[in-house]
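As written, the chain order gives the labels A, B, C, D, E, F, G and H, with residue 1 at the start of each chain.
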Amino acid sequence: MDIRELLEGVKEGRIPVEKAVLALKTAPFTDLGFAKTDNHRAIRQGCTEVIYGAGKTAEQCSAIASSLIGNGAECVMVTRCDAEKASSIKTPLDSQYHGDARILVIGKPPSPREGSRVAVVTAGTSDIPVAEEAAVTAETLGSKVIRIYDVGVSGLHRLLSKTDELMTANAVVVVAGMEGALPSVVGGLVDVPVIAVPTSVGYGASFEGVTALLSMMNSCSSDVSVVNIDNGFGAGYIAGLIDRRTTR
Amino acid sequence: MDIRELLEGVKEGRIPVEKAVLALKTAPFTDLGFAKTDNHRAIRQGCTEVIYGAGKTAEQCSAIASSLIGNGAECVMVTRCDAEKASSIKTPLDSQYHGDARILVIGKPPSPREGSRVAVVTAGTSDIPVAEEAAVTAETLGSKVIRIYDVGVSGLHRLLSKTDELMTANAVVVVAGMEGALPSVVGGLVDVPVIAVPTSVGYGASFEGVTALLSMMNSCSSDVSVVNIDNGFGAGYIAGLIDRRTTR
Amino acid sequence: MDIRELLEGVKEGRIPVEKAVLALKTAPFTDLGFAKTDNHRAIRQGCTEVIYGAGKTAEQCSAIASSLIGNGAECVMVTRCDAEKASSIKTPLDSQYHGDARILVIGKPPSPREGSRVAVVTAGTSDIPVAEEAAVTAETLGSKVIRIYDVGVSGLHRLLSKTDELMTANAVVVVAGMEGALPSVVGGLVDVPVIAVPTSVGYGASFEGVTALLSMMNSCSSDVSVVNIDNGFGAGYIAGLIDRRTTR
Amino acid sequence: MDIRELLEGVKEGRIPVEKAVLALKTAPFTDLGFAKTDNHRAIRQGCTEVIYGAGKTAEQCSAIASSLIGNGAECVMVTRCDAEKASSIKTPLDSQYHGDARILVIGKPPSPREGSRVAVVTAGTSDIPVAEEAAVTAETLGSKVIRIYDVGVSGLHRLLSKTDELMTANAVVVVAGMEGALPSVVGGLVDVPVIAVPTSVGYGASFEGVTALLSMMNSCSSDVSVVNIDNGFGAGYIAGLIDRRTTR
Amino acid sequence: MDIRELLEGVKEGRIPVEKAVLALKTAPFTDLGFAKTDNHRAIRQGCTEVIYGAGKTAEQCSAIASSLIGNGAECVMVTRCDAEKASSIKTPLDSQYHGDARILVIGKPPSPREGSRVAVVTAGTSDIPVAEEAAVTAETLGSKVIRIYDVGVSGLHRLLSKTDELMTANAVVVVAGMEGALPSVVGGLVDVPVIAVPTSVGYGASFEGVTALLSMMNSCSSDVSVVNIDNGFGAGYIAGLIDRRTTR
Amino acid sequence: MDIRELLEGVKEGRIPVEKAVLALKTAPFTDLGFAKTDNHRAIRQGCTEVIYGAGKTAEQCSAIASSLIGNGAECVMVTRCDAEKASSIKTPLDSQYHGDARILVIGKPPSPREGSRVAVVTAGTSDIPVAEEAAVTAETLGSKVIRIYDVGVSGLHRLLSKTDELMTANAVVVVAGMEGALPSVVGGLVDVPVIAVPTSVGYGASFEGVTALLSMMNSCSSDVSVVNIDNGFGAGYIAGLIDRRTTR
Amino acid sequence: MDIRELLEGVKEGRIPVEKAVLALKTAPFTDLGFAKTDNHRAIRQGCTEVIYGAGKTAEQCSAIASSLIGNGAECVMVTRCDAEKASSIKTPLDSQYHGDARILVIGKPPSPREGSRVAVVTAGTSDIPVAEEAAVTAETLGSKVIRIYDVGVSGLHRLLSKTDELMTANAVVVVAGMEGALPSVVGGLVDVPVIAVPTSVGYGASFEGVTALLSMMNSCSSDVSVVNIDNGFGAGYIAGLIDRRTTR
Amino acid sequence: MDIRELLEGVKEGRIPVEKAVLALKTAPFTDLGFAKTDNHRAIRQGCTEVIYGAGKTAEQCSAIASSLIGNGAECVMVTRCDAEKASSIKTPLDSQYHGDARILVIGKPPSPREGSRVAVVTAGTSDIPVAEEAAVTAETLGSKVIRIYDVGVSGLHRLLSKTDELMTANAVVVVAGMEGALPSVVGGLVDVPVIAVPTSVGYGASFEGVTALLSMMNSCSSDVSVVNIDNGFGAGYIAGLIDRRTTR
């Protein structure tokens, strides 16, 4: 997009060739040495910035957050961030820590859009932390989230009592471990995209979530797609994107 | 939904208890013996009916299609349907066969909705049949489809020349075999959901698409979710759902 | 059991030591060279004899069947037996071939026991051959079989309309491919053992039934146990054993 | 079942429609927020309630147990419960902790039914904890349990000396790690269902129980079905169900 | 060994340096272009030569056999050789084709050594071809072979009746598919090395022999080692080596 | 590189903005509909063009070859091309078909560079086709190739006799199936990069080359890197690149 | 064997039937509750008794050792026994602890037999503990052991310098991790059985020894059989059995 | 090479036969008992010596380093060496510890060769330690290293801005975890060998680097070969070898 504007400037002599070459190559990120922060993503993708906290020190997280906010970001999430690290991150804006979700939100997330509605569903109690990661992510992107927890398929009446809530959502995140059967059942009840998140809940032949992942990949419901094991963030992000397009 | 209406009828004596019990239990499908066709799905999920053709005879497909159309469906797709089977299926309505996609469309699919735009992208030439399955599916659900084929990551300029087309889509389907790297790259360029389809294209350690599937599950782009290997139908269906919500 | 009787005979001099040694070692089977038929199993396990037909010639099947019937068996099943082989097997008794189940039944199977009731359930149409193998096996062991086919979890109402039939069975066989979710749902509805049979129905990441198998191993319903992929015979056999104990 | 009664009440005006709708939807469970306890399972499945203790806090276990007992349960098991957690769970009834089995039994389990007999067998000494989980589970369901431990196939005479005890059981649980060969051998000796439990005992290519699981899935004995690795609870539960039907 | 002799020759001037260099490098094989036949193996390893027939044409087999016999071999085996290829191989000596074993023996194999005794055992009828490959291999190496077929673990009495024959062998080859349990049982009965051969007999979760292989690797009997799936030749070869050392 | 030149032209008014935008986006490839041929690769990567023939029709191969040659390519390889397809491809230049390697070379490959020397080594006779694919590829890139075949590790003297030839190469390709041990041994003998190619030669637990691949990934020699199973082309290409840099 | 003697006693009235039944069933082991010690194995298998120490407490090991020695064993090994446990085991006879091998030897092992010679070879330094387990086991069975350590295939001259020692052994144990190539090379040099032991030495795609195991299963040398990962005991035991038969 | 010289000496009587035999067998290494150090590798492979530090004690590392330096090595690297071990290793020469790379360099590494240029690239921040292992290794072999970090494919502009630096390198090392897509993209941009290093960075279905490894094995770029997971050393070593040949 900017290419044309840049080239017009070059043609009109307002922008020197050297500078244009540089702009084309270096503008979109800031090089912190250990990381290259993406200053254009908010423009290009229109959403809150995200720092994947696992494997980064509190210092690195602080530096990246400062760089992003210094370049105009209004809200930055740090995911996979335990309580101790969260308390060590220095933030230029007010922040809120979500313990279950292990997410630190720096700055003010947007209010829920009108008509917004994302359902987050879990099969069991142990799946809740992953579900919260999805829920907080979607909320930080401006979605209203409906939580429906512990409605696994071995007690169908629990799920069926929530059919109305499910059927009014713009997107549904389904979080399940063990045999991962819930997304297929939910997918048969709704007419919106279902994003399935396998969790590492289980033992033995659950293989840390691989069985649930494979099960979900083979869903007999056509509206189910899958993200990585325990990837609540990705599911919440995608549900948020769908919800945003639906409500704008 | 109907439960309340039914119960009101029971209360007012208009509907006998026996009949209500029966209605609650048997209404939503027709039992053909070898299959139970789902008459309510069009109502519940608001879309064209689909018959998964693999492992069904032409006779079975004909019977199911007739049952669905007899119950009011206006358009029925038969997927995974080779040319020979397609020519043996008897259809009460006009039909069109899409050879690359291996889909028979019975009846008249809807015209594309205004503002509709789904992009279907492939890494290589061999991925085209799976991409066509996605494209025809989305079209049959009322989406306008943009095809961008053979733009794999080993020659980035091919993909980059299509950035504009990608960035205006409401949803993107990315089809790739071998190392399955394309969805991550596309996911970094767009701000809409990317549905990744691994294909069985490749040899040796591609393991019939498993490597591509795993690669896509681990995408460093947050907007990528994945469906089963060679499942063009599922990807097209989900992209169609997203596109429909965006354009309504 | 016979050991004591044999030893009494030895003590009383009626049975020579040499003969007793021989009896202890060789009695329970007939050695056909390529196979050792088990003449005592009917006594020891109280049921119809079974010949696993895969990888045996029609001649071998004929010889084993003759040996078993010559030693007193009244009914012999040949499983994994295609139509061509079935028509080539020479049988000393009348026989009936079940095409879907690929089972040849030689001799007269018992009538169903009073109170007997085994339910055989499938997720889809393609699972029917495996289900028939289970059903015919249970019938040949004297069980009455209720068939409930094509009630997969993506259309729950189909299954729920059959709840009564399910809840009155003494044992339930559930046959499913793809994500293998049905046994968990059925297991939550009934209070009898559920024997789950994964099938090789599916494609891509179904891995010829492995995904369904793993999913079933991780069932969140406590009453589910699992047999090998496509092993309808084993499931029908076990359901028959349970049904028999319940009804005797 | 209750549906009819409810509908009769609606028809006669005794039950308002609103209340019936609510009843149909919400009755069968109590929503504790983090969990939905299943109040109807005892009725529907006729047995003691079970709390899967892994991944739940002592407080959560206490709350669920209280809810179940408050709704009429007479006996509640908490499985996968280590000694420390067991001592922290507050129980409204007397309780007993089984250390080997890691099961806390709250309330009074039923006395063994007449004629009841479940055999629990292990290949080695290290398999005993899993076997105890099965044994205590079956006992809590009202079964009499015969324990036959350390009779692996490399010393056949140990197993053969127990043939009589095995052959009089109504159901047999076989627990084995390493190559998982014992269920096949036991399955050849008895004429009742054998529930095989692979254990994570072993090293190297035992893959934490996967080899035993696969071995058991391929058993050449027709009466063997399999549950998840280390799932003593499931095996004991299923054996208890079979034993109960046999003895009622 | 020859190195010293060669060096003595060099020292005494009988052998020129150039020639010695050449001898050290090129003597032990004949280069046929597509293959380098190993002329010293008979000397180095003291046994009949073997040509692995799979993936070689009849012409290539003929050429290698001729080269070996021309260099002094008295007996050459061609393994993995179907009947058609066997009939096309031109042999300078009389030959005998073993159909079950798929082995062509060219030249005269040695007579059995005194005291020689190798037992070859199978679990089922379908394992016989692999067992025959082992048996013919051992016989061609000069061993006397005792065949004990179809004595799988689900009917223990069949195996136990053969205990005497097993306990007098110098080495035992055990061939089994499916769950691969037989070597553990045999290993507990004998005090000689047991060479276990997994076979690809089975279906579903037998994974073409992988389950049997893993099971055998985890044998609880200490005297069991394992060769590749269907590798009857290797097992017969090793059993022959042990038998030879025992009887010399 | 061209960017600067293009921008200079824009600045001087020689190149219109519209045209520059177009040039930046569309120049580097020709869109054939089913494929986008890469016209700049010869410039960018300085070598002969390659068409991966598997899954392309003779017509598609002809069209792509014509497009490439029409854009200036002097030599084009078609890999994974069987004899029948090769004979159906229409070529604007003379061509030569290499049957073992399954490669069609269109146009005139360069003569070997001075000092060029790539060794291609195989463990067995069955590995030769993959080795030939590597050898012909390297030759077409201007390398002189030394072929050393059938020198597997079970007869070390065969390999050791070729040490001199190995030690003078600029790069070594080692092709092996089964246990894939040869690259480690060769890697210990030479001081140049070894590119290891696992082949699908083997049976049973060779898993179609996976075992060889894993073995090679774990080589104890530091100079070994690995390409995909049966990927002779890739190995030859990389060896050619190294050889070219060494000799220029 | 004893069966005949027992039966003679029964015939002659010296042994009551009841007692004979009991003897046949219970004689060969002592039931310690948690374990059934095998008193006949020394007779049946002619060797030192072995206690697998992993997962047994020092008290259990003490009790089993006492029972075995009380029943006549002269030498008992406790394998997989760390130093701490070894020091806590109470032994009725003098004992010696081998730290590298993690083996406690209770009682006096036999002196090496004349002519005895077992070679134990490792690829690297890290493989030594597994090799020592093999070596100490073989020594405890009466073998003389030659240790050849750190002779991996990336430096062939190290191995070749030991050819003489290798070629005079009656059996060879080869211990290797990573790519597991050494057994194939050794197998090509000797004419006795090679027992290969994969070790968990390595990282990444070594998969804790699985790659080495698979590599060894596919050895191109015919005389190689394989035991479980890190199973030095099994390999030493088998080598000891072969060595014993060779030397008696 | 030395063989000829040795043989000349033998011929002329200067070298006794005994001594020549010994020299041929024992010269190239020093036997430290637990290790055999390779004194000829520097001559044979022309590079700095390397000690793989994992699983060796500081004492063992010290002894091996001393032996190598005592035999003439000027520079010795200890890889996989944590800070604590590094500080305990006694070195006869000055040493430098590289913390990120976990490498201790003993002695003086060579200065960079003229024209030398190796690029080391990472996808993310977490891949840097593996990249540093590669970089320090290449530097110690005399290469100049260009580091390009955190340029993963989800933000292509970061990578594209570095195209010039990439295209002037003699060899490129690409380090990536998760989906491992970066090597394919880099491979399409350059015309030199790309050595891809999968890292264990990621979670869930990344399987500790296996997904990245498989992805890289299937690269659609022809110039990519792969080393083991996290094997930065191997990649740096190979890149160094290529760079050395290019620049000499």
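Everything that follows uses one rule, which is that contacts are C-beta pairs under 8 Å (C-beta built on N, C-alpha and C of every residue); 3 or more make two chains touch, one makes a residue touch a chain.
What you see is a predicted model, and the numbers here were worked out from it, not measured in a lab.
A.B. asks: What's the fewest number of moves from chain B to chain E, given that each move must go to a chain touching the current one?
C.D. replies: Minimum number of steps from chain B to chain E: 2.
A.B. asks: Through what angle, to the nearest 5 degrees, does chain E rotate to match chain F on its C-alpha atoms?
C.D. replies: 90
A.B. asks: Decide which interface, A-C or A-D, involves more C-beta pairs in contact, and give its chain pair.
C.D. replies: Output for the comparison: A-C.
A.B. asks: If I compare contact pairs by residue number, which of B-D, D-E or E-F overlaps with B-F on over half of them?
C.D. replies: Same contacts by residue number as B-F, out of B-D, D-E or E-F: E-F.
A.B. asks: With centres defined as the mean of C-alpha atoms, identify the chain lying farthest from chain A.
C.D. replies: So the farthest one, by centre of C-alpha atoms, is E.
A.B. asks: What's the distance between the Cα centroids of chain F and chain H, rounded to whole Å?
C.D. replies: Inter-chain centre distance comes to 25 Å.
A.B. asks: I'd like the Å distance between the centres of chain C and chain E, where a centre is the mean of that chain's Cα atoms.
C.D. replies: 39
A.B. asks: Tell me, which residues of chain G touch at least two other chains?
C.D. replies: 155, 160, 189, 204-206, 210, 213, 217-218, 228
A.B. asks: Sort out which chains touch which and give me every pair.
C.D. replies: A-B, A-C, A-D, A-F, A-H, B-C, B-D, B-F, B-H, C-D, C-E, C-G, D-E, D-G, E-F, E-G, E-H, F-G, F-H, G-H
A.B. asks: Could you list, by residue number, the parts of chain A that touch chain B in their complex?
C.D. replies: 44-47, 50, 170, 189-193, 195, 213, 217-218, 222-228, 233-235, 237-238, 241-242, 245-246
A.B. asks: If we count contacts the way the header does, which residues on chain C are in touch with chain A in the complex?
C.D. replies: 123-124, 152-156, 160, 178-181, 184-185, 187-189, 202, 204-207, 210-212, 214-221
A.B. asks: If we count contacts the way the header does, which residues on chain D are in touch with chain A in the complex?
C.D. replies: 25-26, 28-29, 33-36, 38, 40-41, 54-56, 60, 198, 200, 208-210, 213, 228-231
A.B. asks: Using the touch rule from the top, collect the residues of chain C that touch chain B in their complex.
C.D. replies: 125-126, 128, 149-151, 155, 157-158, 160-161, 201, 203-206
A.B. asks: Touching residues of chain G toward chain C in the complex: what are they?
C.D. replies: 3-4, 7-8, 10-11, 13, 17, 20-21, 24
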